[in-house]
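This structure is in structure tokens; I'll ask about it shortly.
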């Protein structure tokens, strides 16, 4: 079975990663690729590393031929814009996986709280299933519209949420995030200028704050945590997010007990690795894995989670969600071994 | 068809890359993996990024059970040591692909010239087929023993040799190499200490000098070039080799003519990319491609070639050679898209 | 006034940095430099970047001529070894600044707690003045023996301690540290291999744990905080430490109030910068500055502090302490502008 | 003696470096700093790493008060624009050091050849002295207008020109350049996006081609070389240029003889280091040194030269030229030790 598939917005890093994955996915027949910046060019003219992978001509998103019969559409368009096009195709009966932040809250009030503005299409929100594969798998199956989870939200939610079902936290949860430069996007800016950031670790604090609310929404399925201290620091690597989550639990559990609990919880989830040691970013780079590690410090449990923000944090999970929606084996097209060295 | 396969020496970077490739190769059944440093450990204990890929226990190379029936053996052991073990298995009828520099010259005199010492098993040399896939494919088919080409030799030979068949050079060929830090090996040393090399570009000049002779041997099939100026500079990237080859030809040809000539020469070779622009290292990183670009400067033709030294320069080409030996499609297990970004 | 000066242990990164600083300090006459690894070589043979700065021959620490009259000695020897030689010179009346961790606790019990072993020369501990320039300046003046503060301890203590004098914390203080690769030392090891760490952010958690106790000792002069959660993550930069300290205060203060408070507290301290924004590591790289920034998150005050671990975290502060001991202007020889870009 | 000094264009990397140097130069009194981008801001608001170094307010270049009495002006404005303002001040009798490429050729025909357009103020060209300190020192003394040499031109000319006086080359000289990312300027662009270039070595070939003509003009004082193959490759470091110059001499000389020749030639030049080994970029990073090394390959002499493009390649040499013009000791304000590590 080959799905006639479109990707909206392949210019950026997430779009690029998704294109690389789908170009060799056995169940995907790429039919439409959009790019404003490179419209009119062949895929390999715009992206030389894909020479030989596709003969498609890139078109602007507004010029997709209406006659093109599509089974599936991925949108990598920016938040705010994405839902406009997602809605158009969704209403024509095309299955959609939206990688933007437009549809991640079912309740418009939550959206407004996270984004500081009201959602453009409030009625669309409730129709989208939240695409956090491991924690929402049953609802993703056969879903017509999936809102792919955010990179920070995936990294923190998968690491912390399961525990909250069983254990009560005593304090505010503090999450110290280290995020790679690709999270700042592909458009050149001073914050991503090689010469300026190469030797810099930059505490911006903010960045991904809307995803704090995403995380709290996930937590709300498990417990009633209402506050989360989310602090984001940029580190000079290309790919990767690390979260160190500090939790003081009402009843202490040892790192070994935590490991055992998580190993059980994720027993059937091939992309979640429960590690003996605290994991590093490089150990999952280029792959769809998320790795979890545990240690104890001064009575707090520290959970360290790492993922590749372009893979499990975006395009990889989107493919995983597609596999779930259509009933393909969950790791189809996701066999990338972490790139070492 | 599944080949019962052993890899000797999986600890180093080449061994690691080969293990990653073979772990998901459809025609390979990994049976034996050796590592002196990690012997006794499970694969994923030694190499956490491979969690879930194999349950094999690493053993020292000297302890491979004689009873293990093998179809194929790859050796990633260091030069000097490799041939000792290669010979042992080769004599038992196991097909061998040797990634070391031990067997790359059929003539013992050439070996001595390149290495400064005589070969350990001179009689073995003439039985090994030189594993430069694109230029030696016919002889590699069904070969019982393949000496995988070196990383520098592959990068320079594929870029320059074809031209020498048709065009005569007027001067000495000058090859200015830029090589990544993984070419210095995995054993920690000052030359690979992060803090010392991060902002350093280091002209060592030497490094891979034995491969200068390898290149001249390849050239000798096409022309009678006898001298090659080979100069190696280390640059702070993880993976990759770039060669800028400066040629002054007796009859000038334009970059466009060169491109056309090469596009014709490599018309059926999926891993050789003839590019419109001069290629950068990142455009092939993580993949088995070699990319070629051409320009003219002051009457010289400059050929720029890039490859990933662990892939097309080592483990990737070894798998390509295996596919040729056994008649599998040449890109089986080599579908890795260059990692961008 | 020129002090006849020795540096023990110039091979490592801290020794190197100190040598660079003292080679052009107007009040220093370098007479003895020791290095086990490079003994017998001229300074510039061992360290080519110092060509022209000194004609001294490096000697092993055990071979310092007894006849050499010295006014001042810096020890960059490793902890455990340093105090052996420090004691020898101190007893002969030479002023000493010890950069190791041997003498940073006046109470042997504190030392044992921090290091897990008893101190070698307990009687020496009480004679050493703790070399945290800004908070201990009065006692450093004229001190015969200074125990230079640790890099992590400097980064956290200067950032947090002043506040504790005036404001009470409600919870455990959580300090999330990001530390550069030069903190792992100059001896090559897998954790500092370029190829392995370039794209890695590695949560070791531990590292500098003895300095947690150093920090608590500094805090004890200001308040009775007894617990500190100290978590260390390695990031791929050459130089720098960043600490994000999370404090929940009994009476909330705004970031602006905190800034004002710190600006007043450090009003006369030229090496402490109180910043409007959260500072990045690069903004102090190569200089003796420590920069402090403040923000509020979910009712917590977050203090971000950055310094160059080889400068303010080690050699720079050692020179600052020397200037204080001898009454030189505190910034003599420390005019290095942060290297931008 | 304190010179009332202006810097035009402090926003870019060269302007920044010059500002850092002059802020602590004992003979300089900074009075005017211009920046279009940051006009109206205090120096430390625009450049936080300079907090405490200057209270000046940045102004647009067009708004420099005419009443400001100036002794000296540095222009770091871009080529094409710089000469407009240089001329204005030069005609008022202000001494000028121009760091742009506007005035580096005394003959308008040479300028046109190098830049492809005619010079804006041809009459100004012949009044400017070429600011390559070591080779043009006598003419720089007391010069009213200095055209600071280019970074590539400095790196290649100082390395190759002296030899050409004594030895005849047989072939075209081939110069393979490796240049750092700061040579691409401070304006963010895809070619300097961290995520894209971190693992890339990019053969652009071109870049600095106008300086090929600068080099040939320098050579012309020594010999009649007319052709120079100049090939530029970008490497992922922040600062630095390396040139490998390949020369086939009519009468061979050994590397040792070359070293001796250069050591004699540059015997009194403190910023030229003649090295025993081939130098790396990091060995001069952050300093005003240029280092030269020599080796032999296949009958060619290979000269490797390295410098920091923002220091000896731009701002450092500008200060050196200022010192020469005014008769200050040549290393005044240039005591920066290469930053190691």
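By letter and in written order, the chains are A, B, C and D; residue numbering begins at 1 in each of them.
Simple rule for what comes next: contacts are C-beta pairs under 8 Å (C-beta built on N, C-alpha and C of every residue); 3 or more make two chains touch, one makes a residue touch a chain.
Being a predicted model, the structure only gives us computed values, none of them experimental.
Shared contact partners of chain B and chain C are A, D. The chain pair with more C-beta contacts between its two chains, of B-D and A-D, is B-D.
When the contact pairs of A-B are matched by residue number across A-C, C-D or B-C, over half of them reappear in C-D.
The centroid of the Cα atoms in chain B and the matching centroid in chain D are 40 Å apart.
In terms of their C-alpha centroids, the spacing between chain C and chain D amounts to 36 Å. In this assembly, the C-alpha centroid of chain A lies 46 Å from the C-alpha centroid of chain D. The residues of chain C that reach two or more other chains are 13, 182, 186, 195, 197-199, 236, 238-239, 279, 282-283, 341, listed in rising order. A complete topology is adopted by the chain contact network, contact being made between every pair of chains. Note for the complex: chain B touches chain D at residues 171-172, 174, 176, 178, 195-205, 227-231, 233, 235-240, 242, 244, 246, 248, 278-283, 285, 293, 295, 297-300, 302, 304, 306, 341.
Contact residues on chain B toward chain A in their complex (touch as defined above): 13, 16, 20, 23-24, 47-53, 182, 186, 238-239, 270, 273, 275, 277, 279, 282-284, 286-287, 310, 335-341. Listing the residues of chain B that touch chain C in their complex gives 13, 180-182, 186, 188-190, 192-195, 197-199, 236, 238.
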